[in-house]
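Structure record follows, encoded as structure tokens.
When the chains are written out, they are named A, B, C, D, E and F in that same order, and each has its own residue count from 1.
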Amino acid sequence: MESVLKLGIPKGSLETATVELFKKAGWQIGISSRSYFPTIDDDEIKCSLMRPQEMAKYVERGTIDVGIAGRDWVRENESDVFELCEMVYSKVSRRPARWVLVVNGDSKVQGPEDLRGATISTELVGFTKRYFAERNIPVNVEFSWGATEAKVVEGLCDAIVEVTETGSTIKANGLRIVSELMESVPVMIVNKAAWADPWRRAKIEQIATLLQSALRAEGMVGLKMNAPGDRVAAITEIIPSLNRPTVAHLHNSDWVSIESIMPEKEVRRIVPELLKLGAEGIVEYSLNKII
Amino acid sequence: MESVLKLGIPKGSLETATVELFKKAGWQIGISSRSYFPTIDDDEIKCSLMRPQEMAKYVERGTIDVGIAGRDWVRENESDVFELCEMVYSKVSRRPARWVLVVNGDSKVQGPEDLRGATISTELVGFTKRYFAERNIPVNVEFSWGATEAKVVEGLCDAIVEVTETGSTIKANGLRIVSELMESVPVMIVNKAAWADPWRRAKIEQIATLLQSALRAEGMVGLKMNAPGDRVAAITEIIPSLNRPTVAHLHNSDWVSIESIMPEKEVRRIVPELLKLGAEGIVEYSLNKII
Amino acid sequence: MESVLKLGIPKGSLETATVELFKKAGWQIGISSRSYFPTIDDDEIKCSLMRPQEMAKYVERGTIDVGIAGRDWVRENESDVFELCEMVYSKVSRRPARWVLVVNGDSKVQGPEDLRGATISTELVGFTKRYFAERNIPVNVEFSWGATEAKVVEGLCDAIVEVTETGSTIKANGLRIVSELMESVPVMIVNKAAWADPWRRAKIEQIATLLQSALRAEGMVGLKMNAPGDRVAAITEIIPSLNRPTVAHLHNSDWVSIESIMPEKEVRRIVPELLKLGAEGIVEYSLNKII
Amino acid sequence: MESVLKLGIPKGSLETATVELFKKAGWQIGISSRSYFPTIDDDEIKCSLMRPQEMAKYVERGTIDVGIAGRDWVRENESDVFELCEMVYSKVSRRPARWVLVVNGDSKVQGPEDLRGATISTELVGFTKRYFAERNIPVNVEFSWGATEAKVVEGLCDAIVEVTETGSTIKANGLRIVSELMESVPVMIVNKAAWADPWRRAKIEQIATLLQSALRAEGMVGLKMNAPGDRVAAITEIIPSLNRPTVAHLHNSDWVSIESIMPEKEVRRIVPELLKLGAEGIVEYSLNKII
Amino acid sequence: MESVLKLGIPKGSLETATVELFKKAGWQIGISSRSYFPTIDDDEIKCSLMRPQEMAKYVERGTIDVGIAGRDWVRENESDVFELCEMVYSKVSRRPARWVLVVNGDSKVQGPEDLRGATISTELVGFTKRYFAERNIPVNVEFSWGATEAKVVEGLCDAIVEVTETGSTIKANGLRIVSELMESVPVMIVNKAAWADPWRRAKIEQIATLLQSALRAEGMVGLKMNAPGDRVAAITEIIPSLNRPTVAHLHNSDWVSIESIMPEKEVRRIVPELLKLGAEGIVEYSLNKII
Amino acid sequence: MESVLKLGIPKGSLETATVELFKKAGWQIGISSRSYFPTIDDDEIKCSLMRPQEMAKYVERGTIDVGIAGRDWVRENESDVFELCEMVYSKVSRRPARWVLVVNGDSKVQGPEDLRGATISTELVGFTKRYFAERNIPVNVEFSWGATEAKVVEGLCDAIVEVTETGSTIKANGLRIVSELMESVPVMIVNKAAWADPWRRAKIEQIATLLQSALRAEGMVGLKMNAPGDRVAAITEIIPSLNRPTVAHLHNSDWVSIESIMPEKEVRRIVPELLKLGAEGIVEYSLNKII
């Protein structure tokens, strides 16, 4: 068996964010408009660009060993793949994408059960059919080629199942969310035979570890300060504890340096307290990875 | 029955060209990113924006009375609609779009019959399945979410059925066209009940006549000249005859003015001859419509 | 007195449309980002770029002889100038700009009289003060530096007087129009002493005539056709009559050519009738000016 | 009293820089073109977008508790607010904005006193009137709607009072600066009642401290090196001393690590000296905040 | 000898204007970024894109039969080609490009003769050397790779020979034009053997005639009016006479229609006079070509 | 001798990268489209923008003391300058530019010796002539004004000498690389008299040291971790050793902190091993300079 891992990069909305995440994790991926095979500076990996809708199918077949795609499309396809981990890209979105059931603002529909016999447009036909079938609600689900919101506005269907993050576009069009059907985040999916193979599994774990390290570093910062030695206990108590703070004696002095990693948001909260406790020379710096 | 005709405007690649064509034909259509119902300056028409892939379905159901879409998508859906006329938009393309069967440059496939048992990716699943079924060639047709060419380059399938105009992108990717399966031009399709209704049929015919007039005027020009009266026969003989040239006597003179409509390309050919025949003051002007 | 007319070109929203209108009327105006004096290909005119808000002031003082600006700003300043004519630029807008009184969607205000003691934000302070003073409604009018709609949304004032064309932005922000205070179109305003001077008056009239000719040609087209001589009366009767149709005998024939100028919108209406009356070779063409 | 601080964000030239500064200080502000209330990831703050010209007025009235705006507009309005601190945004400009008195290049005016009876155009009418009144120089001050420089070029006024940073645009237009009337930097202004309220004052101080920390970090870097223990005194002497350098013993060695914060510009000066003193492994890194 | 004419299209500043001019003349040229051979809808022509600097060399060698380039580069190369005609593209420029001798604003140089022994930078080395040699002024001419103006500003040379249209960039950089060395317009240049060949000569003449017709139509318009028969003489007298006006009797009337081609600029002058002479229904229209 | 160093900044493809590199090294260079002299925040340096093709000439003459340009153009000019160091800008390119000899894909040429008597187009005329002369191969070398690849495609010459990085454009045009003639990287070149002058030499060395420090920091990161004291030896053994790792005791503990600088690419390799050795709290951070 050759020592090359076949990796699927999702084309479209996750594409740039995925390339940036690999860059933070230590791999340079080069996407050229002329080639369907992105370059990567690791001889043990071969990349392919793929639609997220089709990623799970190709992972299942073993065309690729591992890929990244939204969980929605993995479930739509009901592919038999192993979901290794979630990839919560903060750059793309703070909150997961949600697939919601949507009707016109003046519709009387209050829940899925009010849609018996209705026509529903969606890009996620398989998932939607199963969702209503499990609840014994007979509906007519039609594939939508896009601009799905327009269909319910224009009266071309009774309801839609559509993806949203904040719901603001839905409200702006005078539509109403009836209920949420599924939350979706990007996931790393693995071919089951690849996972059983030691070399490929180790390589996949290396990639996953470093991607997670890079994701963890987003929104986290390092904070350094000097303090009198007798304040160490008081200071370390108020510092949020992702890892133990690193405390070191200073040269020819009874002061110490204290250094810790914390969410950037905590900094604004604890700075006034640190100052009261006598900390000096407080500086904050950025991190690339937290392993 | 209300006196409003429901008209479908194709969203996407034909959208701008359709709006421009209606403008030339005498209707102002206003498309706003905030609304799914384009405005039109005719109280007898109501517009809706629709995906070309779904146009035929909605015309068949009577959701709209008439729409414009590529013939490929009308046939894909096998919808029961009346195809009134072709709309050969010169701005969009000089040649019709062609759906072609494409394989890798180094494939041994020479014709559809060599694809027995193969996997074929395409956006046009229904048409492709029927095409191979009619020829008794068993194949596995998969829906492609886009970037279809990549699939055959990346080895994800054995062949694709894809749309092209010049074939240049296909060649640039090292692929080869095996055969052409269908040519497609935009067509105006009409709901059968709407066509049976006198008011709606008259309105549809008015629109079709004026759209055709505007299309006909593209690439055509008017040419005017003065000439001695005894050269009228010689000159009118060499003028391409879309309509009879208009010949009028000039005031206090034995000269005439001659005016004719012709393809712009003919002008470059006949000008040297007109000069030899004694024509003077030759001027060329543009036309908006030729009815 | 020198033979140079000083002309004010409005900077901002009317700027491009004004330059285009002069171009259609036969003058090339060149605006450079490096110079405040646009060039013009007429030695008898000198242009200056000016804010529409300040145009009337400078016309009144005689700094310039003639200028173009919205009627709103002419009235705001109560300048003593002569308003020669309206300039209804179809390219800029189909409908005149309207200054409207606007409140929050949930406000109880039904008319100006409900705003006693209220704070009103507007860019048009002078006009607004006079409007309420004439109605004996005491209000506090504040100058708004822009983003006026935000002020009533954010609760910074009770109402605003703001300009709109369609009202759609107002509705999109959840605001409500209480009443319309003034309609405004671009007008050509003239310094009174300049109007009394024969040379300057003639030059101003030349400009006004040709600008009006260019405006009149927008939306109008020429229609030409050939017809049997005995149908002239029937055909000319249905042709909209801006000017009398031009009818000429054709050479060696009892047919005539008929040519007329009409609104483009009429063409779609009369074409079916012309065909019934035996007209042939109907062509439509564009016009630059109709004098 | 509710625990929400009302914060005004300046719309326009400072807008992007303000959002970036809050980001560095630890707050995410989200500005949407559809809403006048930017979001912020702190439940104790509510943001409003406001014109800098109007910021002081709304702070004075208590419509908002605290805002950021140029000192020029605070002074123009003579609002009764408390100016907490300056915010010298290095990204926007290295030097403060200056309001200058400007005349045509060939004018004989040498100082404000030469402008008796003159007409002066400016956006800063109140300040300009007071400036000349304090010096007993009678002038006619007119509000300029923008493009103020054009007015003195075109001869529409005798002088202008205009804002500039480098004076280069003024020179490029052939104008001349007579004198500088005021320097302006962004300032944080506070409503007096809000400042008297302990909760709001503490919150305002937290924001101010962290904004200042982020500003201080711009242009500063951290420098780390290892050195023989006997060179500590010599090295720390040449290091610019924002905070005392942090010196720590290295493991099993008589070397120390030395780390200090300094202006990036100093680095290029001291590196040759550090090398001479035996420092090794010198690295420079960036900082987010220096508190 | 094959019946295909080899035509050189100038790459760069004239490229778009050349393609547009051929379009007006009746040929569609398609330039693709992927191909060096533009397509043209005429089987008798084959296009190549070439640098204007190299056009004359390839015409002289017979690599191409005919090409368009600035006269400056034709003269620089001293190529032995036949210059058929000038092509004054109004879209590119109203005035011909001028090659001028330029020095620093504070230089004492008053004429070429003051540059004895000086270093001169230019892109037009051959022409410049000959110019000074003919005048027996010894100078050192250096090839400039571009940004030539910078060289005299930065003191890298004593003078430059540079191309300009209005001289405004030169003035803006504080430089001064000493004298004009050459005017340049685009010219059509022909290989001498091609010109001697009847078929190629006829084809070249056809192209030249139609390009000239299209150029002539720029800035010209058609003017039509009706008038009483007894005013024909008076009206035709004031109409600028590019061609004789076309005058035709109107049907059942003693009125005539008068139609003429004239420069658009004349229209604004004669319209008041036409109105006084009783003309009615005056309309102006555009022209594509005037042959 | 004045204490100002004259520095040449290369205009064009290296311009932005050079400015960014100086910024990382600690100097702000400001390039304005209106000035040929970029500003720099160091009173001891004066910048000039120059074409890379001309840089060596001006360094040799002493017009500037030091400059940055591609080694190709330094060699083309055979200038007598001192090449201080290479500047391998990772942002511009991973690999050096290569000047290659290129022919049509179907040419029979296999090496330079097959080009006897051929015509070769290139921008690098001097170098190409010397290259062939040294090998006693007579060829005709012509200066190409650009679009050199087109010349061999269009058959205007037999071969070209052109610059490339990946060769992909050459392949895309159906051309073939015969051989590589020269590799080129940006170099810093110094005037020999300037290098002999102590003040200027020290200043040049300061600049070179800091530019190299900034370049060295690209692709390098800092890695920090805590570890049990008895693992120091094992851990430091696997850490790539640009500088010795910095190891410090932690306060009241037998753990140590370990910090090291390494290529970012090594991180992905050693992280699994560090975890096995018991390292905790591993974080990676960026560096600006490594001196």
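Rule of thumb we're sticking to: a contact is a pair of C-beta atoms (placed from the backbone, for glycine too) under 8 Å apart; a residue touches a chain by one contact, two chains touch by 3 or more.
For each chain, UniProt lists the protein as follows: A, B, C, D, E, F = ATP phosphoribosyltransferase.
Just so you know, these numbers come straight off a predicted model, no measurement behind them.
> Quickly list, by label, the chains bordering both chain B (ATP phosphoribosyltransferase) and chain F (ATP phosphoribosyltransferase).
The common neighbours are A, E.
> By mean C-alpha position, what chain is farthest away from chain B (ATP phosphoribosyltransferase)?
Of all chains, D has its centre farthest from that of chain B (ATP phosphoribosyltransferase).
> Would you indicate which option in E-F, A-B or A-F repeats the interface seen between A-D, with over half of the contact pairs matching by residue number?
A-F
> As a quick test, compute the distance in whole Å between the mean CA positions of chain C (ATP phosphoribosyltransferase) and chain F (ATP phosphoribosyltransferase).
59
> When the C-alpha atoms of chain D (ATP phosphoribosyltransferase) and chain F (ATP phosphoribosyltransferase) are each averaged to a single point, how far apart are the two points in Å?
37
> Pull out every residue in chain B (ATP phosphoribosyltransferase) that's touching 2 or more other chains.
Where chain B (ATP phosphoribosyltransferase) meets two or more other chains at a single residue, that happens at 34, 172, 248-249, 285-286.
> Quick one: which chain pairs are touching?
A-B, A-D, A-F, B-C, B-E, C-D, C-E, D-F, E-F
> Mind listing the chain D (ATP phosphoribosyltransferase) positions that touch chain C (ATP phosphoribosyltransferase) in their complex?
Of all residues in chain D (ATP phosphoribosyltransferase), those touching chain C (ATP phosphoribosyltransferase) are 11, 34, 36-37, 48-51, 53-54, 58, 63, 144-147, 149-150, 153-156, 172.
> Please give the residue numbers of chain F (ATP phosphoribosyltransferase) that touch chain D (ATP phosphoribosyltransferase) in the complex, ascending.
Residues 25-27, 34, 41, 206, 209-210, 213, 217, 222, 229, 232, 243-244, 246-249, 256, 261, 285-291.
> Which residues of chain E (ATP phosphoribosyltransferase) touch chain C (ATP phosphoribosyltransferase) in their complex?
Chain E (ATP phosphoribosyltransferase) residues touching chain C (ATP phosphoribosyltransferase): 168, 172, 221, 224, 226, 248-252, 257, 264-265, 267-268, 271-272, 274-275, 280-286.
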